[in-house]
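There's a structure below that I have some questions on.
Going in written order, the chains are labelled A, B and C, and every chain counts its residues from 1.
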Amino acid sequence: MSFAYTTQRILEIVGDDAEFSGEYIGEIAGIASLAEAMAGDLSFLGNPKYRDAVASSAASVLLLPRDYTETPKAGQLQIKLDNPSYALALLCRDMERSLQPLPAPGVHPTAFIDVDAIVSPAASIGPFCCIGKGAVVGAAVLEAHVCVGKYANVGDESHLFSQVVIGDYCVIGERNRLHPGCVIGSDGYGYEFIDGAHQRVPQIGNVVTEADVDVGANTAIDRARFGSTVIGAGTKIDNLVQIAHNVRIGKHCLIIGQSGISGSTELGNGVVLAGQAGVAGHLKIGDGAMIAGGAGVPHSLEPNAKVRGPTGEPMMLYNRIMVLQRRLPDLFKRFDKLEKSVESLPECGTIE
Amino acid sequence: MSFAYTTQRILEIVGDDAEFSGEYIGEIAGIASLAEAMAGDLSFLGNPKYRDAVASSAASVLLLPRDYTETPKAGQLQIKLDNPSYALALLCRDMERSLQPLPAPGVHPTAFIDVDAIVSPAASIGPFCCIGKGAVVGAAVLEAHVCVGKYANVGDESHLFSQVVIGDYCVIGERNRLHPGCVIGSDGYGYEFIDGAHQRVPQIGNVVTEADVDVGANTAIDRARFGSTVIGAGTKIDNLVQIAHNVRIGKHCLIIGQSGISGSTELGNGVVLAGQAGVAGHLKIGDGAMIAGGAGVPHSLEPNAKVRGPTGEPMMLYNRIMVLQRRLPDLFKRFDKLEKSVESLPECGTIE
Amino acid sequence: MSFAYTTQRILEIVGDDAEFSGEYIGEIAGIASLAEAMAGDLSFLGNPKYRDAVASSAASVLLLPRDYTETPKAGQLQIKLDNPSYALALLCRDMERSLQPLPAPGVHPTAFIDVDAIVSPAASIGPFCCIGKGAVVGAAVLEAHVCVGKYANVGDESHLFSQVVIGDYCVIGERNRLHPGCVIGSDGYGYEFIDGAHQRVPQIGNVVTEADVDVGANTAIDRARFGSTVIGAGTKIDNLVQIAHNVRIGKHCLIIGQSGISGSTELGNGVVLAGQAGVAGHLKIGDGAMIAGGAGVPHSLEPNAKVRGPTGEPMMLYNRIMVLQRRLPDLFKRFDKLEKSVESLPECGTIE
């Protein structure tokens, strides 16, 4: 995984309004944090709190904000910009394209495509992919071992990594990025207890992901009982997340690793569900709500609510409770003492 | 994913003892909740609390309980039955069969079957399946990319969705439904710390699932250290669940998304483990116990116990504690005030 | 899954310094716990607390500590050793080798290997494996449907079970054991909110696993934003674990089922993360720290710290708090009573 960027090339990417200080002759062969960078690396100051780490960084090229005024070391080039983080992102994007170029269009000879499927000539279909009857695949990239079920649809410019499974009738929007092992369109979990056994309730709906949705590795999104489980445009789902049947997620939500959403719950737009959080079923979570890591949410939330803890308490209250909890051992002791003091008062008589 | 049902066909399915009110001419092309249904949809009243939503529903056909007495709108057909939910399930089952018909028996030309495996002629083996030496596959459906390990066994009428992995020597019962990406028979997690390193303890047992077991997408069930990890008949496991080695789960349990059961724990019959719950190892969980979402259970449970919270408290106690927790900030304030009052009493002297 | 061991063969494996008592004629066809063993089984006393279960065990052969003095039943052979658990492990290892022999070197005819990949002639490449351009695979075993990405590296003696995905540029050390469905090298989860949408931050780093790392079924380890996500030598990761980008895990850690580690967090050596625990991002967890099951850790930890609960409290404190929590209903009652008593004191006047 090596790349070599001349300072010339870096300047082309970050734009021509940068200011310079110092000089570095040679190529950049790595990117690293200020503390970890070595000679030959590029580093950057994105968060002001690391400002002190710039002076001691061994990086050869530094992306810095315009108000940084210390002088560079010998052999070190400072590039000053309005937004060093954005400049870094531009650089990384360029490197990503060179490290992981999109595969050329075409169908790998080992892939199996049903005769009744329609695959865009601009699509790239990798080894051992399997595309079912009636499926429609746009100008997308399917890496190895991807399964696209019957009558499923994959939008243009989507990228399905290895071993993604798209269930029958599911619809993947444009520019989705689906990571390895994620499953879109498994059966919803629905049973009725009849005659002493759990009878499966048929799940005849599908999953619809709108444009620009990302889904993490080994995440599972269940098909609806009927109708659709919907993931709104621009929503980004992390690894190992569970999305149950008939959930409807709004636009631009962040659903972070190992969190889970139970059946029929609706999330508004811009909701953030942090890692390992869980939301019960049949709830409405308002726009912009933030659910802290590990929280359990048993009730609906107003827009912009911020909750934490296993019963989804308001964040400020929960934090306060956590502080007071640590004082419980002391409180119990003080209480016992106070109780005795009061009991010993002649006026109080026996406090039973 | 379209279907079209005439009212005639619907009546054939729901049975001939239904009562009618109103009339709808045309076909039914969707099923939706009362609130979401549009003209051309069928809807239903399964839960009495939604009774008020019937009158405003735009559904063209409604499945209702016999005691519903409001008159239908123009162009709306009411079908009244003893059990609208059951009638709906019958309808959905019929639709499921037409939307997702079972594939015909036969082996896809891209599948690889070891010469020493035995596959029923009634089995359907999908693209890129891999069936190992000594494996026995009954009249089951294996969709694409399914791996059946050496000497493993798959029972009749089981349905293995894409990318299911069955480990060597594991035994899958009849009528199992295994969702995409689930792994049955990965090594148990067992190490002994010897000479400064974790030495793997060999895991030479297997996994046995009895009849009518469902396993969700990307769930993992580990093989036993020796003997078997057992999933009892009729137990339904959701997505992303972790079942460790030597766990024994009874019959008709519900193990819901992202829950986990540690090694050698035994669950009785009819246990419910809600989402993201965890049970420690080497415990016994009695028949009918219910473990709430997100709970952590560090001790064995009596039959029909109901527990909640990170230390598996009795549900009533935990709910009470949660209410009182919210009152801790107030309690601390009141306590400080009371302490001062008592200190100020001349009789009390100094309360240290 | 049958095996048959003569007592002669068992003695060869457990070593020649064992002492005997009693006699069993026949073969051993199973291993089971003391309580579950039947005639023809071997059992063992590994944990002194089960000593009383030895006398009632129906096992035909028993591995016991040297200080066990009860006489065997008729037809029962006792083998006494310094370390019965270790002897059992030796036996299991032997059985494992015979039950699950390593496949012979060679490339299955259905595998696809890019012409620019380098695969050791000692490697065993299973059905439908896919090895990308520039990848290097040592003397490893790849079972069915394994994907090795472009320019990735797999070390000697590693074992990749079915449907493992190794992302582009990732490096798998020697003697790794990667269980089915695990994903090494999915994109890190990084976005910046620009112009009303979450823009993906390119993830151009990789994952590096050192020697003797195990990774469980359906676990996900994300590639670094840049640089490497690192799993230290001898670390054992269980099923369904989430390891975010730029995490660095030290040597000989135990990362147990469904736990998760957020981005850029560093774990020292010998850290234990129990089931369903979570660690926030950008933290440092000291050597030997132990994080209890279900804990949430929002702050860095000193070496050998032991924490528990949703806010990562010191274990002793948390346990104390949990005990006191159960006494909250009583405390509130006592407090109300005490408050009233004090209010009723003539000296106290009104306590508002």
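Please note the rule applied: a contact is a pair of C-beta atoms (placed from the backbone, for glycine too) under 8 Å apart; a residue touches a chain by one contact, two chains touch by 3 or more.
Given the structure is predicted, the values throughout are model-derived calculations rather than measurements.
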For this session: Using only the C-alpha atoms, find the rotation that maps chain B onto chain C and quote its angle between 0 and 180 degrees, to the nearest 5.
Result: 120
For this session: Indicate whether more than half of the residue numbers at the chain A-chain C interface occur in both copies; give same if so and different if not.
Result: different
Problem set entry | Approximate Å spacing (C-alpha centroids) for the pair chain A, chain C | 25
Seminar exercise, completed: Residue numbers in chain A touching two or more further chains are 128, 145, 163, 181, 218, 240, 258, 276, 310, 325, 331, 335, 338, 342, 345, 347
Exercise. What residues of chain A sit close enough to touch chain B in their complex?
Worked result: 112, 128, 130, 145, 147, 149-151, 163, 165, 167-169, 181, 183, 186-187, 189, 191-192, 194, 196-206, 218-220, 222, 225-227, 240, 242, 244, 258, 260, 262, 276, 278, 280, 296, 298, 310-311, 313, 317, 320-321, 324-325, 327, 331, 334-335, 337-338, 341-342, 345-347
Exercise. Once bound in the complex, which stretches of chain A touch chain C?
Worked result: 1, 30-33, 36, 85-86, 89, 92-93, 95-96, 99-100, 108, 110, 126-128, 143-145, 161-163, 177, 179-181, 212, 214, 216-218, 234, 236, 238-240, 252, 254, 256-258, 275-276, 293-294, 309-310, 322, 325-326, 328-329, 331-332, 335, 338-339, 342, 345, 347-348, 351
